[in-house]
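Letters A, B, C and D mark the chains in the order given here, with residues in each chain numbered from 1 onward.
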Amino acid sequence: MARADFAAGSLFADLRAACRDDWRGYVEHDFVRKLGAGTLPEAAFRRYLGQDYLFLIHFARAYGLAVYKSETLDDMREAAAGLANILDVEVGLHVKYCSEWGLSEAEMARLPEARETMAYTRYVLERGLAGDLLDLWVALAPCVIGYGEIGHRMMRDPTARRDGNRYGAWIEAYGGADYQRVAAAAGAQLDRLFARRGGPARMALLIDTFREATRLETNFWQMGLDAA
Amino acid sequence: MARADFAAGSLFADLRAACRDDWRGYVEHDFVRKLGAGTLPEAAFRRYLGQDYLFLIHFARAYGLAVYKSETLDDMREAAAGLANILDVEVGLHVKYCSEWGLSEAEMARLPEARETMAYTRYVLERGLAGDLLDLWVALAPCVIGYGEIGHRMMRDPTARRDGNRYGAWIEAYGGADYQRVAAAAGAQLDRLFARRGGPARMALLIDTFREATRLETNFWQMGLDAA
Amino acid sequence: MARADFAAGSLFADLRAACRDDWRGYVEHDFVRKLGAGTLPEAAFRRYLGQDYLFLIHFARAYGLAVYKSETLDDMREAAAGLANILDVEVGLHVKYCSEWGLSEAEMARLPEARETMAYTRYVLERGLAGDLLDLWVALAPCVIGYGEIGHRMMRDPTARRDGNRYGAWIEAYGGADYQRVAAAAGAQLDRLFARRGGPARMALLIDTFREATRLETNFWQMGLDAA
Amino acid sequence: MARADFAAGSLFADLRAACRDDWRGYVEHDFVRKLGAGTLPEAAFRRYLGQDYLFLIHFARAYGLAVYKSETLDDMREAAAGLANILDVEVGLHVKYCSEWGLSEAEMARLPEARETMAYTRYVLERGLAGDLLDLWVALAPCVIGYGEIGHRMMRDPTARRDGNRYGAWIEAYGGADYQRVAAAAGAQLDRLFARRGGPARMALLIDTFREATRLETNFWQMGLDAA
C-alpha cells in the first residue's frame, strides 16, 4: 500500500509511527481530503495560499539556520539546496500560482500573519535554535516530508481527482518527481544526522518535537478551512 | 491621571502611543476588567494560571537569552536580576498561589501547551534571537512593563475591588512596590538600550515588534476567558 | 586615486575611515604586498590557502546565519547569493586552485584549524548571533569588501605585477569584475541595513566590530607569513 | 591517587581519557606548576588575571545561553546557579583579588582582549549556539570542571605550597569546598544531559569539542607565561 511504503525503515517512519493519531489527523485532514477531491471551498484555499506565502519566508529562514548549524560541507550543501528550492522554486511557483487565484505578491506580503502561521514558524525556528541540527530537521520534517507523503498518496488515491480538479496543480507540484526528490533527500539527511547525533536516548524528545510540529501543521489546515 | 503618568517620557511610552488601540485592547481586556472587579469566572482564571506557569518557564529562557546577548556587565546584571525574579520569586509565588487554587506544580508541568502560549513565547524568543538585545527587550516589554501598568492602574481604579476580591493577591502582586520596581527597571533598561543601539530609523520595526507582542498578550487573556 | 574612490560615500567608507591605521595594517600587510609583487614565499601562500579553505566553510555558515536573520525576502536573497557564491564558486575555485598548489581537498579538510582561523571565524559568527543583521554584515565586511578593495588596488597598482606572477590568478579572482560585483553588493546591503536599523547611536559599537574583524584579518595574513 | 579519583565514572572522565595528552598539557602546564610552587612570575599572573576578567564576562554569557537552551526548570536552575556564581561571586572575588595585585576593575574593563581570550570564549559560545545544551556544557567543562581538578590536585600535591605562596588565595579558591561543589554540580549536569541527549554516536563530536576547548585553555595559560 502506498501509505505504508512511504519512507519505510527511516527515522521519519519511526517518528510517524510514534505519533500515529496526530499524523493521521494531519495527512488525512478534511482540508487535504477536500483538496484531493476538488471540493475544497475556494475561500479556504485562498486563505491557505496567502498564509503559506508568509510561512515559506520563515521556512527559508529555517534552512538558513540549518546552513549555519551545519558541521560538514555536505550538511551545508543539503541545507543550501533546500533554501534554494524555497527561494528560487517554491516562492516563485507560489507567486505565479497565487496570481492565477487573484492574489498578487504585494497583497500577500501585506497580509497580517495568522496566529497559526506564527505559532508554527516560530516554534520550528526556536526549536532549531535551542536544539541542534537534528532537532531542527525533525521540526521541519512534518512539513517537508509530510507534503511529499500527501502528494505521493494523492497521486495514487483512487478517490482523489486530478482531471478537472481546480487544485490539480497543487497535487502535481507535491506529488511530482521533483518534490518527491526533495522529500526523499530530507528523509536521507534526517537518517544521516541521527547516525551522527542521535541514539535511543534522544527519541523521546525528538518524538515530542515531531508531534508538536505535526499538530501545528494540522492547525494550519484548519485555519484554511475556518475561512470558508 | 494614573494611566497617563505610567512610564511617561520613555521609549515604552512612545511604543505604547504608537499602538494605542492594540494596547487598550490588552490592558483593558475583559479578562483584566473582570479580574479587577472580582467577577472573572474561576475557570477562566485557572486556565490562565496553568498556562502562565508554562509561559513563565519560556520567559525565564528569554532572560537567559538577554544575559547571553548582553554587551556590558551592567546589561548582564539587569537580565540576571529579571531571571532570578522569575525563577526564585514568580515561579514560587505561582506554585504557592496555584496550590490555593487546587493546581499542583506537577499538574501544571503536565498541561498541554496552548497554542496561544506557544505563539507568544516562541515569537518573543525568536525575535530576540534574530534581532539584537533591544529587539528582545521590546518584545518582552508588553508583558514585563504591561503587567506593571495593569497592576498600577488596578491599585488606583475606583471600580476595581481588592477587599473580598478572590483575585486580590494577583492585584497586589503586580500593583505592589516590588513588581513596580521590576517594571520600572525594565523601562529604564529599554531607554538605556535605545540610547546605545536605537535611533529614529529603528522605530518602525520596534513598533511592529511591540504591537505583535501586545496582540499575543491579548490572545493570552482571551484564551483564559474562552475556558469559562 | 583608486584607493580613495573605493566604496566612497558608504557606511563601509565611514567604518574604514574610523579605523584608518588598523585598516592600512590589513590591506597593506606584507603578505598582501608580497603577493602583489609575486615575491611571497610559497610556504606562506600554501599555509594561507589551507586555512582559507577552513575559513570559507565557517564563512558560508555566517551567510546561512544572515539568511536566518533576514527580515525581508530581499535581505534573504542577498544573503543566499553570498552563500551560493561561497559554496558553488569560491570553494570550488579554491579546491581547483589548491590542487595546482599540490593541496587536495581531503588534505585541507584534515588540517588542524589554526588559532587565527578560529578566532576570526568564531568572532564573526558569535557577533552576528549576539547582535542583529547589521552587526553581522559589519563583522563580515572587512573580509568581503576588503578583499574587493585589495583586488581592486592590485589591478591598478603599478608596483604590482600580474605577468609572470605565480599569484596572478588570486589577483584576477578578487580584482576581476565578478568579485567586484560581490563586494559592491555587500556594500550596498550594508547601506540598506544601516538605513533601516542603524543611526548615529550605533556607530561606536559598529566601529568596534569592524576594527576587531579587521585586526583578526591582519592576524590571518600574519599566520601565513609566519609559516614561511 | 587524587588524580585518578577526580570525577571517576562520569562523562567528564571519559572525555578526559579520550584526550589524555591534551588534558595533561592543560592541567600540568608550566603556568599551573609554577603557580602551585609559588614561583610563577608576577607579570605572568597579572596578565592572566586581567584577561581572566574579560573571559569571565563571556563565560557568564555562556551560562545565560545555557539558561536559554534549557528544556526543564531543573536545567535552568543549574545554569542560573552557574551564572549567579560568576556574576555574584567570581567577578567580585576577581575584582577584590586583582585590586590586591594593583589592577582596578576600570583598568581591566579597558584591557584589549587577547587573541587567546577571544578564540576561547567565542569558540565556546558559538559551539553552544550551533549545537545543543550538551554540546555547550561539554565546551564549558574543561574550564569549569578542569579548574576544580587543578584546585583539588594542588590541595593534595606535596610539591605545591600554600604557606607563603603569594598565589595561595587562588589555590584555596579553586581547591576549596565551595568551588569543588560547583565543579561536581557541573559534572553531574553533564551526566544528566548525556543520559537525555547523548549516546555512543555523539561521543566522536563531543570529544572533538572537549579537546578543542582543552587546547584553548592551554593557550590561555601560555598567554600568561608569554607575558613574563
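Throughout what follows, contacts are C-beta pairs under 8 Å (C-beta built on N, C-alpha and C of every residue); 3 or more make two chains touch, one makes a residue touch a chain.
In this text the structure is predicted, and so the values were computed from the model without any measurement.
Looking at A-B and A-D side by side, the one with more C-beta contacts is A-D. When you average the Cα atoms of each chain and compare centres, the chain farthest from chain B turns out to be C.
The interface of C-D is repeated, with over half of its contact pairs matching by residue number, by A-B among B-C, A-B or A-C.
A straight line joining the Cα centres of chain A and chain D is 43 Å long.
Between the CA-based centres of chain B and chain D the separation comes to 36 Å, rounded to the whole angstrom. Mean C-alpha position of chain A lies 33 Å from that of chain B. Counting only residues that touch two or more partner chains, chain B has 61, 68-69, 125, 129-130.
In terms of inter-chain touching, the protein chains here all touch one another pairwise. Considering their complex, residues 61, 115-116, 118-119, 122-123, 125-126, 129-130, 216, 219 of chain A touch chain B.
Chain B makes touch with chain C in their complex at residues 68-69, 71, 129-133, 135, 194-202, 205. Looking at the complex, you find that chain B touches chain D at residues 57, 60-70, 73, 76-77, 79-80, 83-84, 87, 91, 109, 125.
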